[in-house]
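Worksheet for the structure shown next.
Note that the chains take the letters A, B, C and D in the order they are written out, and that residue 1 is the start of every chain.
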Amino acid sequence: MKTSASKGWQFRLHEVIYESNTPAGKVFDVALLIAIFTSIAVVMLDSVQSLHLKYGNLFYNLEWIFTGLFTIEYVLRLICIKKPFRYVFSLLGIIDMIALIPSYLSFFFIGAQSLLVFRALRLLRIFRIFKLGHFLTEINFLTSALKGSVRKISIFLLTVLMLTVILGSIMYLVEKRENGFSNIPESIYWAIVTITTVGYGDISPITPMGKFVASVVMLIGYSIIAVPTGILTHDLAMLARQKKELPESCPTCSREGHDLDAEFCKYCGASLMRD
Amino acid sequence: MKTSASKGWQFRLHEVIYESNTPAGKVFDVALLIAIFTSIAVVMLDSVQSLHLKYGNLFYNLEWIFTGLFTIEYVLRLICIKKPFRYVFSLLGIIDMIALIPSYLSFFFIGAQSLLVFRALRLLRIFRIFKLGHFLTEINFLTSALKGSVRKISIFLLTVLMLTVILGSIMYLVEKRENGFSNIPESIYWAIVTITTVGYGDISPITPMGKFVASVVMLIGYSIIAVPTGILTHDLAMLARQKKELPESCPTCSREGHDLDAEFCKYCGASLMRD
Amino acid sequence: MKTSASKGWQFRLHEVIYESNTPAGKVFDVALLIAIFTSIAVVMLDSVQSLHLKYGNLFYNLEWIFTGLFTIEYVLRLICIKKPFRYVFSLLGIIDMIALIPSYLSFFFIGAQSLLVFRALRLLRIFRIFKLGHFLTEINFLTSALKGSVRKISIFLLTVLMLTVILGSIMYLVEKRENGFSNIPESIYWAIVTITTVGYGDISPITPMGKFVASVVMLIGYSIIAVPTGILTHDLAMLARQKKELPESCPTCSREGHDLDAEFCKYCGASLMRD
Amino acid sequence: MKTSASKGWQFRLHEVIYESNTPAGKVFDVALLIAIFTSIAVVMLDSVQSLHLKYGNLFYNLEWIFTGLFTIEYVLRLICIKKPFRYVFSLLGIIDMIALIPSYLSFFFIGAQSLLVFRALRLLRIFRIFKLGHFLTEINFLTSALKGSVRKISIFLLTVLMLTVILGSIMYLVEKRENGFSNIPESIYWAIVTITTVGYGDISPITPMGKFVASVVMLIGYSIIAVPTGILTHDLAMLARQKKELPESCPTCSREGHDLDAEFCKYCGASLMRD
């Protein structure tokens, strides 16, 4: 539709950085992901004592090279869009900023370097690579189902949390301080470890009564795991039914790419519903 | 319909305390929940040794203030309804009472204060706050499904319990006292820890034969987790089908809010079934 | 139909012991279950060292009383049916025998008493009590679904077992003897503990490479748990659909109680299928 | 159709080794599986120190006998097909080779014998035995569903992995080296152990803040387990619907055995779709 030649450098830059359906955009996305992966790998390896002693200097230099590259990327992102503040305060913009700050902070505060681990948050950009592949339909489907289930699953999680507070408090009474249940927050932590069936074993009941209460908590956790699964399965089925009833392409203008819950074509406005 | 001005103070009080669809009622509900949360937080923090030593007096005073407030609430609840005993012997009434008693008991018995943890039970009132939001449909849907599944899931839990008794007894024979399986109830506790996939590791098999039996228990637990999930998912689907066949609003008087299993309008008595 | 008065005492005894739809039969079933529960409770409590020292004699006498009662029951079961060997070699018959033998064996072998734990197997009779209640429909539904899924779930379990053999063998190579993976069977036990997400922690990887392999095993276990659940949910749905297509009562003679997979009325032989 | 008498020995050998629908082929398949099982059992038992000391020589000889048998089998497989390289570079061909190499390598390298554990990979041939039974329909159904879900489940696993990198990095900051979270890869390993609800307990949080983060990780793991289950259940349902719409036998030539996603008869080419 639009020829990029007729636009300024900002527009072309925008196309490369923000969009992924041009060849240059795809190359940029892949290169960026490789840079993110490598920079995270460096932070990870540097955290291993033995490697830090051997290659500490190399890692230090690499971290600064990546900081430089990501700073340039950040500045470019700012200057090639009309409303830079939108990017700055978007989720990805804040994450990009968090990934940069620690390096610069380390000039002023010793230990700020350790905050580099937050660079791992940049992994969220990985979802862009899916867009490059043909995973878009699957991602749309999954996110739609999860969006629809969010309310029900949050009610479920709140109920579980409430249960852990009640059961943890009871366990604090039953097992007492001496057996590792040293205070109520600790007992609630134990209840979460148990109800989610994780079961570290760092705190575990010792008295017969405590073991009885623990058994009840375990059986509750084992049974209610069914709830989020049931909800999501059900919502996926509902979604699939709705999807089936809607055509994938607009029956009027035959363009595709409509949201799963769209009722009207976003291109020509005609109804997408079958009669 | 009814104007509260024409009623006595008891009626207005009742509206504030027991109902949540008036502005005053909503304010009361939110205030009550904040009080419950804070009072539980105080009990929790007081259980932490280091905080108890520092702020013990503050916590003690706060606990008495909350006891005072909750006593007033309890009395108000009693005097503004026609049949106070219904409240006293309702689930929430008993919980409210349990939350009050420990403070007063501490006059007579040392240590009764520790029973304050039962205040956590008052968290059950949190479900009222959902009513304030728009989670009612989701809660109705979930509780209907759970009600429908309760029988099947209780059969499942009973079967699991029976299995743990049998498998725990066998394990007691196989591993003997020396390896931590010191008696049959203990072995049953181990079987529950294992079949629910919690796996603390406080008791674990040591002999090759014991490890073999444990492997069988684990694989059983891993496979039968499918049962409650399958039941609930299936019941949610059945429920959704039924729901679909029933209109959300009465076709005669067009008022909404019917239960999922209602067949007749609760306002005008007309049938809700589609022909 | 039949009047028990016209039959002999054997017929009446048979009705009491083997059938549960007469008042006397219900009383017998409930009494038997109480006896089973109590006898198991005695064996369980006797296994607790401290209780054994105090009440050992009482428990010993009670065990012999129950052995006597169960022997009488066994003999009565034998003499009131026409083909006693059918009962002797049926599942419940063998279990009843296993529950009796240990007591008598203890005359000849010291320690045979400990085999009394097999009395727990008699708990399987609990499913009869469900028949007394109104759980029959739910049990029928569940067992039908499980029967239908048995083949698929056994393929799943075999695949999981094969995976654990392969992954356990690899882990034995990676972690070596010194780190607790002392031989291949032990490593396979570890793989089962890990893939079922039980995670005792009695054996856990120590080398970085071992931790990597363990992470792969965990993620496999976390993902494939979906398989048995998916299978069962799907089979429940199929079953419900079939059930819907079949009438609950015979359209010809209108008697009920047909199996879920019955195609013809078991009373009059007419087809149950809707056209 | 074809009479094996009219073909050469290579053809008959091919029929025995590669196909399982002739009596000789079935016998060969079962014999091969028994040999594989026994050879793996020998490797497993030999890894147990105490058995190795007693029966080491026997195991050594048995391993060489099996190596001989499997070498003969490998050679026979090569000479009876037209394109031997297809087999050599097929998955099963590579596995068969891997199962043979270690024995021969042990002439040159000490310790190569330990690679014999890879013989466990030959267990994958077990899926052939299912073909002998009547499990084919179930296997086809399961593999079709898994194939369809592979993309969605891989997106899910990638998201989980990304989450563990982010949460593990945060935990490394929170808990520090002293508490067992000695470096970021180690912390990521902990996050995987926790999010999959395995919970070894070899590394577990010690500070209150660490326990809080751990609780969040556990609740995430407990909730998102619903995702793969929901996906698979949904895909099984979709598949069953499609299957229902297709006839099992071709409506034109009435031959059966079509793939679940086949739209045309593979024997006569007629459409399998119902109008």
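Rule of thumb we're sticking to: contacts are C-beta pairs under 8 Å (C-beta built on N, C-alpha and C of every residue); 3 or more make two chains touch, one makes a residue touch a chain.
Keep in mind that what you see is a predicted model, and the values were worked out from it rather than measured.
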Inset, instruction - Scan A-C, B-D or B-C for the interface that duplicates A-B, counting it as a duplicate when over half of the contact pairs agree by residue number. - result: B-C
Legend entry - Comparison of C-D and A-C (more C-beta pairs in contact): C-D
Inset, instruction - Same or different, please, for the chain A to chain D contact, judged on whether over half of the interface numbers appear on both copies. - result: different
Legend entry - Where chain C and chain D are represented by their mean Cα positions, the distance between them in whole Å: 30
Legend entry - Centre-to-centre distance between chain C and chain A (centres being mean Cα positions), rounded to whole Å: 43
Legend entry - Of all residues in chain B, the ones touching two or more other chains: 156, 185, 197-201, 221, 225, 229, 231, 233, 237
Legend entry - Partner chain C, residues of chain D touching it in the complex: 40, 43-44, 47-49, 114-115, 117-118, 120-121, 123-124, 126, 130, 135, 138-139, 141-142, 145-146, 153, 156-157, 160-161, 185-186, 189, 192-193, 195-202, 221, 225, 228-229, 231-233, 235-237, 240
Legend entry - Residues of chain A that touch chain C when the two form their complex: 197-201, 229, 233
Inset, instruction - Sort out for me which residues of chain A touch chain B in the complex. - result: 151-152, 155-156, 158, 162, 165-166, 169-170, 172-173, 177, 182-185, 188, 194, 197-201, 204, 208, 211-212, 214-215, 218-219, 221-223, 225-227, 229-231, 233-234, 237-238
